[in-house]
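Letters A, B, C and D mark the chains as written, and numbering starts fresh at 1 in each.
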Amino acid sequence: MARSDFRFTHRLRVRWSEVDKQDIVFNGHYLTYFDVGVTEYYRTIGMPYPDAIVSEGADLYAKKAEIEYHASAEYDDLIDVCVRVARIGRSSFEFRIELYRGEELLVSGSLIYVNAHPETRKSAPLPAPLTDAFKNFESLAPEEGGARR
Amino acid sequence: MARSDFRFTHRLRVRWSEVDKQDIVFNGHYLTYFDVGVTEYYRTIGMPYPDAIVSEGADLYAKKAEIEYHASAEYDDLIDVCVRVARIGRSSFEFRIELYRGEELLVSGSLIYVNAHPETRKSAPLPAPLTDAFKNFESLAPEEGGARR
Amino acid sequence: MARSDFRFTHRLRVRWSEVDKQDIVFNGHYLTYFDVGVTEYYRTIGMPYPDAIVSEGADLYAKKAEIEYHASAEYDDLIDVCVRVARIGRSSFEFRIELYRGEELLVSGSLIYVNAHPETRKSAPLPAPLTDAFKNFESLAPEEGGARR
Amino acid sequence: MARSDFRFTHRLRVRWSEVDKQDIVFNGHYLTYFDVGVTEYYRTIGMPYPDAIVSEGADLYAKKAEIEYHASAEYDDLIDVCVRVARIGRSSFEFRIELYRGEELLVSGSLIYVNAHPETRKSAPLPAPLTDAFKNFESLAPEEGGARR
């Protein structure tokens, strides 16, 4: 995969409080960056989190996260968080996420979410408006995307 | 004030993710340490947060925080968070908090909380069981305290 | 003071990970917002932190923080962090900081920093290029400010 | 794998600032718990991080993290962080980590670290004193372990 395969990118700047004694971002904070990217992805496809999802009777829980560290982000770096939906199942789906500093890939990973009933925590089918929004957005080639930022 | 003026102490260890490029704890994280100390203080006086307070119809909001930085906590340090209730008003009260590494004072400060109605956010009198618990605990001299840890 | 008294404003968005069970930003995270605002302030006045300050032989340490909580920031809110230098002393200075959601004041406070020698931690005079940059920036009326963003 | 397969356990309590609007620990904070567990593991095997490792000329970088979320940790929960070294390679090794609340498995995962030269970031063989410490500790059956806590 390459950076050009993502229609969606959100830029953020590394904060002082996120950098550790090794002068690099603490490994856990990348999941905060993933989360910020996913939030903006939802907004861009017209399904702002969590209201648009809760209003469909759904509640999403993180099921699995994978992170590969290729190079280190440092204080004050501008990081581009690239997000796409890589797989849609019956009750779960997967985000593919890559973090770049310019053209350099720093971190790649994935987040799998499952739709579960808030009380029983039993898995439930994904709402069609959500999966439709994913498909509509991802079906457009990157170069067609007016939503890129 | 001296360390011996506090009946209550809670010990914690500085985490890697809390230390910044200057090799010291980021200034904002001390409010997390304050919060951990306050949580354990509530537990010790028999008013575990938030259930014991909510069950009295109260909801506490931070109104003001003050922090003075005397010396820096570093990675892996064992820090003693000393907490006492220094003032009790009609609808608000103040924690005095001091952080020590051994006998060295690192940080001192205060937190003022106000009881407010969760919906209207208008201030309301503090529940008597809470103020009674504060007074009972603080009225004992430190040397009488079996609850110190 | 009013929002219009600040020449400098930096906008940020509240992250999911910064909001607690009360559905509001945890009280300690506002110091992270203060820090982000201060970082961007330094960049705007031409003294990017920490390189421009270290290269003057200085090392700044937080000495005191004060925070007043007027109203709560919530998830996904856009917050304007307003920063100005309110006082310049021999070896220390004070930032005045106010956080707004639109025209609503949420949080106000101050941060006092002292210049100290990295090894001895003894206070030292502030470098003239830093105090000059403060004075130049703040002496312009807000309406003259091309740097506002 | 079962909880009894781990010789090492470290207990921590979920902090208020770690819990989000869904009333559960934010998914990224589990990597902070992993890191706390790993720090205490290093201390227990006699290789306190980072001094004992740096003094061998090594510098460890996170290479990969995997996290599976089985159930949610909530505010004030006591969590047992179980850590073991599951694989030792030439220049890298893997921690297997499981988080329990009592006997209930909440989160499982792994962290792969690589030894790299601080300047060149090229991978380098793991120092023998480190791999020896891993092997000595893990070779003892859990029931023999006096270090368990």
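Here, a residue touches a chain if its C-beta (ideal position, glycine included) is under 8 Å from a C-beta of that chain, and two chains touch if they have at least 3 such contacts.
Computed from a predicted model, the values in this text were never measured in an experiment.
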| item | value |
| --- | --- |
| Pair sharing more residue contacts (C-beta pairs) when A-B is set against B-C | B-C |
| Centroid comparison with subunit A (C-alpha atoms), farthest chain | B |
| Inter-centroid spacing, subunit C versus subunit B (mean Cα positions, whole Å) | 26 |
| Between subunit B and subunit D, centroid-to-centroid distance (C-alpha), Å | 30 |
| Chain centre separation (subunit A, subunit B; CA means) in Å | 37 |
| Numbers and ranges of subunit A residues touching at least 2 other chains | 16-17, 21, 26, 28-29, 32, 35 |
| Subunit A residues touching subunit D - in the complex, by the definition given at the top | 21-22, 26-32, 34-35, 50, 59, 61-69, 72, 121 |
| Subunit C residues within the subunit A interface of the complex | 15-17, 32, 35-36, 39, 48-49, 76 |
| Contact footprint of subunit D on subunit C as seen in their complex | 16-17, 19-21, 23, 26, 28-29, 75 |
